[in-house]
Every structure is written in C-alpha cells, then in structure tokens.
Amino acid sequence: MIIMEQIAASRPMVQISDVSKAFNGISVLDGLNLEIPIGQKVALLGPSGSGKTTILRLLMTLETIDAGQVRIEGVPMYEGAPDAPCLLPEGQIRAVRSRIGMVFQHFGLFPHLNVLNNIALPQILNGQAGKTEAENRAHELLQMVGLGEKAYLLPDQLSGGQKQRVAIARALALQPDILLFDEPTSALDPQRVSDVLDLLNMICRKTGTTMLLVTHEMEFARQFADRILFFDHGQIVEDGAPDVVFTNPKDNRTRAFLGLPVIDV
Amino acid sequence: MTELVLSDLLRSVLRGLEITVILTISGSILAFVCAFVFGLGRVSRWRFIRVFSVCYIELFRGTSVFVQVFWLYYALPAFGLLLSPLLAGILGLGLNVGAYGAEVVRSAVQATGRDQYEACCALNFTRYQTFRYIILPQAFPRMLPVFGNNMVELMKASSIVSLISLSDITFQAQQFRIRTGQTFLPFAVTLIVYFILYLGILFFIRSVTRLANPQKVKV
Amino acid sequence: MISFSKKIKKYSFILGISLSFLYFIHSADCRANGESRPTRLEKLQKRGYVRIGLSNEPPWTVIDADGQVGGAGPDLTHAVFQRMGVSELQGVLSTFGGLIPGLLAGRSDAISSGLFIQPGRCQAVAFSEPDLCDREAFLMKKDMPLALKTYRDLATDSSLQVGVPAGGTEEREALAAGVPASRLVPVPDGPSGMIMLLAGRIQVYSLPASSAQHLVDLWRGQKFSLVTVEDAPVMCAGTAFSPNAVDLRDAYDHVLAKLKADGTYDRILRAHGFDPSLARGHTREEFCRGKESL
C-alpha cells in the first residue's frame, strides 16, 4: 500500500502523450508531449494561433484529441487505440473532469443567476455542499476576491474585472486539483487588469493547486510561474524556469517574441 | 330591439365563450407540451427522435389547421377512433400550434451561446443539469413573446371548430344571425369579446414574463 | 442543387407517410362497407336516442338560443323515429358542409336538415323517400321594377347579379338556364343574402320558397318581394342515412309512409309552413335519377 501511494504521488498531475489535433484537416498539435508535476504553476506563452487555448480546452474536454493520450494523475481520459482515441463515457469522464476547473477569457458567467448563485449552484449540483453551506462558501469567496457586497447583483451589473473575479471565485469553489486560465485579462480594460492579476497572485501563493495560465502579460507570467512554456505552431520551443527563459532563451522565435536580439547560428 | 332578443344574444355569447375559452386554454396547454417535447426532440442526440420530431413539425406546419381538424373529426373514425368534438378541436388546435411552438423552443434553445455550454462542462454539470438550470432558464423568457403570439393565433383559429359541430362564439354569433336576422349586434359583441380575450392573453404572458426574468437589484 | 434534392427527399418522405395514411383509411372504409348489420335499428332502440345531423336552416331546421332543436325536418324525423321505438332525438349541430362528412364518419345516424335529394348526393348517402318539398323563389327589393319569373329571365338580363345558396341546388338550375357563372354570387346564409340585396351586391336572391318566406318574415320592416319561380321543378329533401345503413333507411321509409297516410305528416308540415301536398307523387328514384324526370 505504501509503495502504491508513493508511485501515485510521483505521477505527474498532467501527462500529455503524443497528442495530435487538427481542425478541418489543419494540424494544430502534432505529437505533443508534456508533463506537469503536482502543484506546478505553468505559464503558456506564444504568438496567437500557436495552440495554447487548444491545450487548455482539450484538458477541459471541450475538445477531443485525434491521437495520443491525456492522463490526469495517471488516470487516462481516452480509451481505445492510441491512433483512434475515444473519450471515456460520460459517467467516467465526469470523475476526471471534476478535478479540473477553467476560467475563460470571456468569463462564461450565467446571466440569469445573481453573483452568489453563480458560485453556489455549481457546488450544489456537484453534490459538494447543501444550499446553506454552498452560499456561505460563496460569501467567503466573494469576500476573498473583494466583491463581498456584490453578492445579489446580476453579472451584467458588474464591470469586466469584477466579472472575471467572480468567475475565478466560481472555479475555486469546486476546489479543483488543476486550474486552467485562458487569457483571463485579455478582455478587460487596461486599468482593471491589475485587480485580476493581484487576485491570481494571491491564489497562486495560497494554494497548492496545479495551474496552467495562458497570458500575454509577460511581467506577470514571470512573477507567477514556476515554469514557462513557449509555443509556436503547436510545438514547445522553449521550456524552463522564468529567469532562464526571459533572460536567455535559446530559440530565436522566443527571442523575437520577447524583443531580444536574434542570435545568428 | 326587444329584451327577448338581447337575452337570447347574451345566452348565445356566453355559451360560445365557454367553448372558445376551453379550446384556447386546453389547446394552448397541449401546444405548450408539444412545443417542448418536439422542439427538444428536434435537437435530440438520437436520430430516431430527431426524425420523428421533424416529421411532426413539418406535417402540421405544412397543412392547414382546418384540414387537420377535419381529419381528426371526420377521418379518424374510419380507424375506429371516434374523438369527441371537443377533444378533436383541442387536439387539432394544440397539435397545429404546438408544431409552430416547437420551432420556437428549438431556436430559443439554440440561441443560447456556446460559452454557456462550455462553462457548464467546465463546472462538470450533467446534460440534464445544464439544460434544467442554465439553458432553459435563459431560453424560456426568449420563447414567451412568441408563445403569446401563438396563443392569440390559436384563439383566433378556434373559430374553425364550427366545422366539427362545436358551438364556439363565432358559430353562436352566426346562429344568432340566422335566428334573428341581426348582423351588426352579434358581430360587434363577438369583436369585443375576442379583443378582451386577446387582452387577457397579453396580460397573462406579461405576468409570466415578469416571473421568468431575473430580478435586478438596484446598484 | 444538393439542398434542392435534399428537400425533395424530405417532402417525398412526408408525402409517402400521408399517402400510406390515406391508404389505411381507404381500406378501413372498404371493410366497413363489406359487413352488413341487420341490427342497426335494434341498436338505436337499445340506446334510446338517435343522433341527427343538423345545420341551422330555418324553417327546415330551427335551433334556438339554448340549442333546442326544432323545425319541420327534425320534428318529422323525431316523429318517425318515435314510431320506430327510438324515443329521443339528439341534434349534432354543424355547418351545412359538415353534414355529409359527419354522417359518413359515424358522427350522426342520419341527416334531417333540408338536404335536397339529387343525383350527386345519392352517390354518397342513402336518402329516405321525399319528406319536405319546396318550390324555388326569387327575393328582390320591392322598389326594383323587375318582372322576373323564371331562371331564363335571369339569363336574359345581363345586368343582374344573382345570389344563390353556397352548396345549394339553385346554382345548377341557374347555370342550366343559361345564367353565366360570373353573375352567380354564392351566399353563405340567409341574413347575408338579405344584406347583399339591401346593399345592391345582388339584385336577385334565388332560394327555396319556405326559406325565402322565413327571411321576409324576419325582415318585416323592410320591403322585399317574393316570386315563385315558374320554370324550376319542385325540389324534395329526404332524410339521409349512411350508405351501409340501407336497412335502417328502409325501416324509416316504412314508418314515413304510415305517417303520410294517417295525417301526422300533414300536421307537422303545416305547423312549419310547408305544403304537404307537394311531396305527393314524387319519389326518391326520380330525384336520384336527375334531369330526365322534368
């Protein structure tokens, strides 16, 4: 038993093996391999269209892969042959999905529910808490994200930054093991960006949750992440600690992206 | 004009009104149920249900309600199914308007943004939970104005039931004319009664709309 | 092109469904025709009431504000059925056009609503011997100096718009006399015909004399003149039965003949302003055969 647990603990939280994905015949990911250990905070950088969102979406099962396998702490998401993988049936995939949460660029709040219920309802529907408990927890989280007095407003009565903070609180309420952030500040007014970044920093410090963040805020990525992945055309061209990647990237595409002088080979 | 004629008119109108109201309410309830069953059936995951729903919707939208009621009442007995006139009327009106309603339900459900479905997936909702707690509450208010129009159409179409020996308000007005030779009076009264029914439906839909829409809190 | 053929597929599918539906109905009809029921009358006797298809056509059929049924047709039919051992008459009220479909669909056991016996209808239903007979009449405004006595007169004056009951026999008579179809205006019901006369939409309203008399009485304040048409044959209505209820019809005829003999028939017809002598000498045969009997 002890040995088994040790093996489990040594497993990566996310393991992407030989994953390919094409949209309408155009390949976006081609044989991608990536492992993320438990608790690591990863920032995904790279030019637009390089496949960053696609990676988050297939982890969230919003997209399915064409080939390969994805494992969450050793548990596979697909069955069947590796060249024709098939997402697990609804009942089984929900167990895996329950470990993952996602924050979208455009918030995805439920417009017909007030802020409190946006956060409380998912807890209730997932059987994590009763009504009172879920609401108490929602109030606590709102306090934490600095929106304690907005509980009874509808989402469209909030500013963009406030909406995104509610969306983050909603994702946190389900206590996932993995949190995915897809450009959480891209849709915000510049003066609201810092509210959300401050919140992300705080969560990052406070929890041991594994996090994947897609962002264009270079400075922030540097503070936030343990590890930087630089993508180009669906491939990881740079993978390393922030200080290394930002000061001395080895790939010219990264250098160009960061505005550093290109090295002649 | 004698008092006798007026009391005759009053009795006729009230008797006809009863039939018209029963048809409108029962027909609308049936139409509502059909709209949901077949509107959702149209976007079902199962092909058989989709095909069946499309057949129902196109068959009932593509033929006139007049012919449908006629069939239910005069042709079904050949199968040994002798529906009462009232039931035939309710079925004909309800099934016809339900086919239009089904398209309303379908488009309202499909008008819900993809981001809502994706948020539901990210929050690990089941399909049922997604529909019941997220999609339906957003789609339902969108359906209401059109449902209101459909209900008014059903009320107005209900006058075709004289074809199947139901004495609705239009038929009663017509009978009154034949008995008395008076034309202006019965049709003036009928006009007003229909308009009052229309206002009633309008009021009903307004109230439901108010209940179905989320309440904003003053900031 | 692709979406076009898709549409064709869709509609031919729907058409196919409807056609097979029709086929089933047709075969069900054939089965119903095949079997004979010698106990039809006994069934009615046991049930205690007969359902009679009616549309409101005073004085042939009169339905009051409370839905009570009266008029020459139902009263006579009621009397016949009472003699046959069926005490109660239940009216199945519909529009004139709904009468025969209702009978064929089994919604009523018989029609007694001033349905004239004519060859076309004889194909669809089984008529009794003639019961209510009537002449044709023209209704006009009194202040119109029109000397109209025949359908042929209508044909000669090309300025006349002629109202005829929708679905009635008058249209055919007028056409046969040479009145062009363009001058024939279908009239949905009596009061509408009167209003059309008053408004000048039609100058002549051709309809059965007893119906015309009833309308003139209703419009007692207005001045209408009623002329009996000279070149029109006497028309007779019969009580109509389903074609597979000939046995019931025969039993009905049997009793009808008795009532004609014992004076009950005359009494009922006079009470509603009909002339009992008109039916004498006329037979169902004659009307079902059509024109040559003229």
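To keep things simple, chains are lettered A, B and C as they appear, and every chain counts its residues starting from 1.
Please note the rule applied: a residue touches a chain if its C-beta (ideal position, glycine included) is under 8 Å from a C-beta of that chain, and two chains touch if they have at least 3 such contacts.
Please read all numbers here as calculations on a predicted model, not as lab measurements.
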Treat each pair of touching chains as one step and give the shortest count from chain B to chain C.
1
Could you find the chain whose CA centre sits the greatest distance from that of chain B?
A
Per-chain Cα centre nearest the global Cα centre, belonging to chain:
B
Chain centre separation (chain B, chain C; CA means) in Å
35
Between chain A and chain B, what is the gap in Å from one C-alpha centre to the other?
47
Counting in whole Å, what is the centre-to-centre distance of chain A and chain C, each centre being its mean C-alpha position?
80
Note: chain C residues in touch with at least two other chains are none
In their shared complex, chain B is touched by residues of chain C numbered 10, 13-14, 17-18, 24-25, 28-29, 32, 56-58, 62-67, 92-95, 97-98, 101-102, 104-107, 189-192, 194-195, 215, 218-219
Listed in rising order, the residues of chain B that touch chain A in the complex are 115-116, 118-119, 121-127, 129, 133-134, 137-138, 214, 216-217, 219
Considering the complex alone, what residue numbers of chain B touch chain C?
8-9, 11-12, 15, 54-55, 58-59, 62, 70, 73-80, 82, 162-165, 167, 174-183
Chain B-touching residues of chain A, taken from the complex the two chains share:
60-62, 90, 94, 97-98, 100-102, 104, 106, 108-114, 121-122, 125-126, 152-154, 157, 170-171, 174
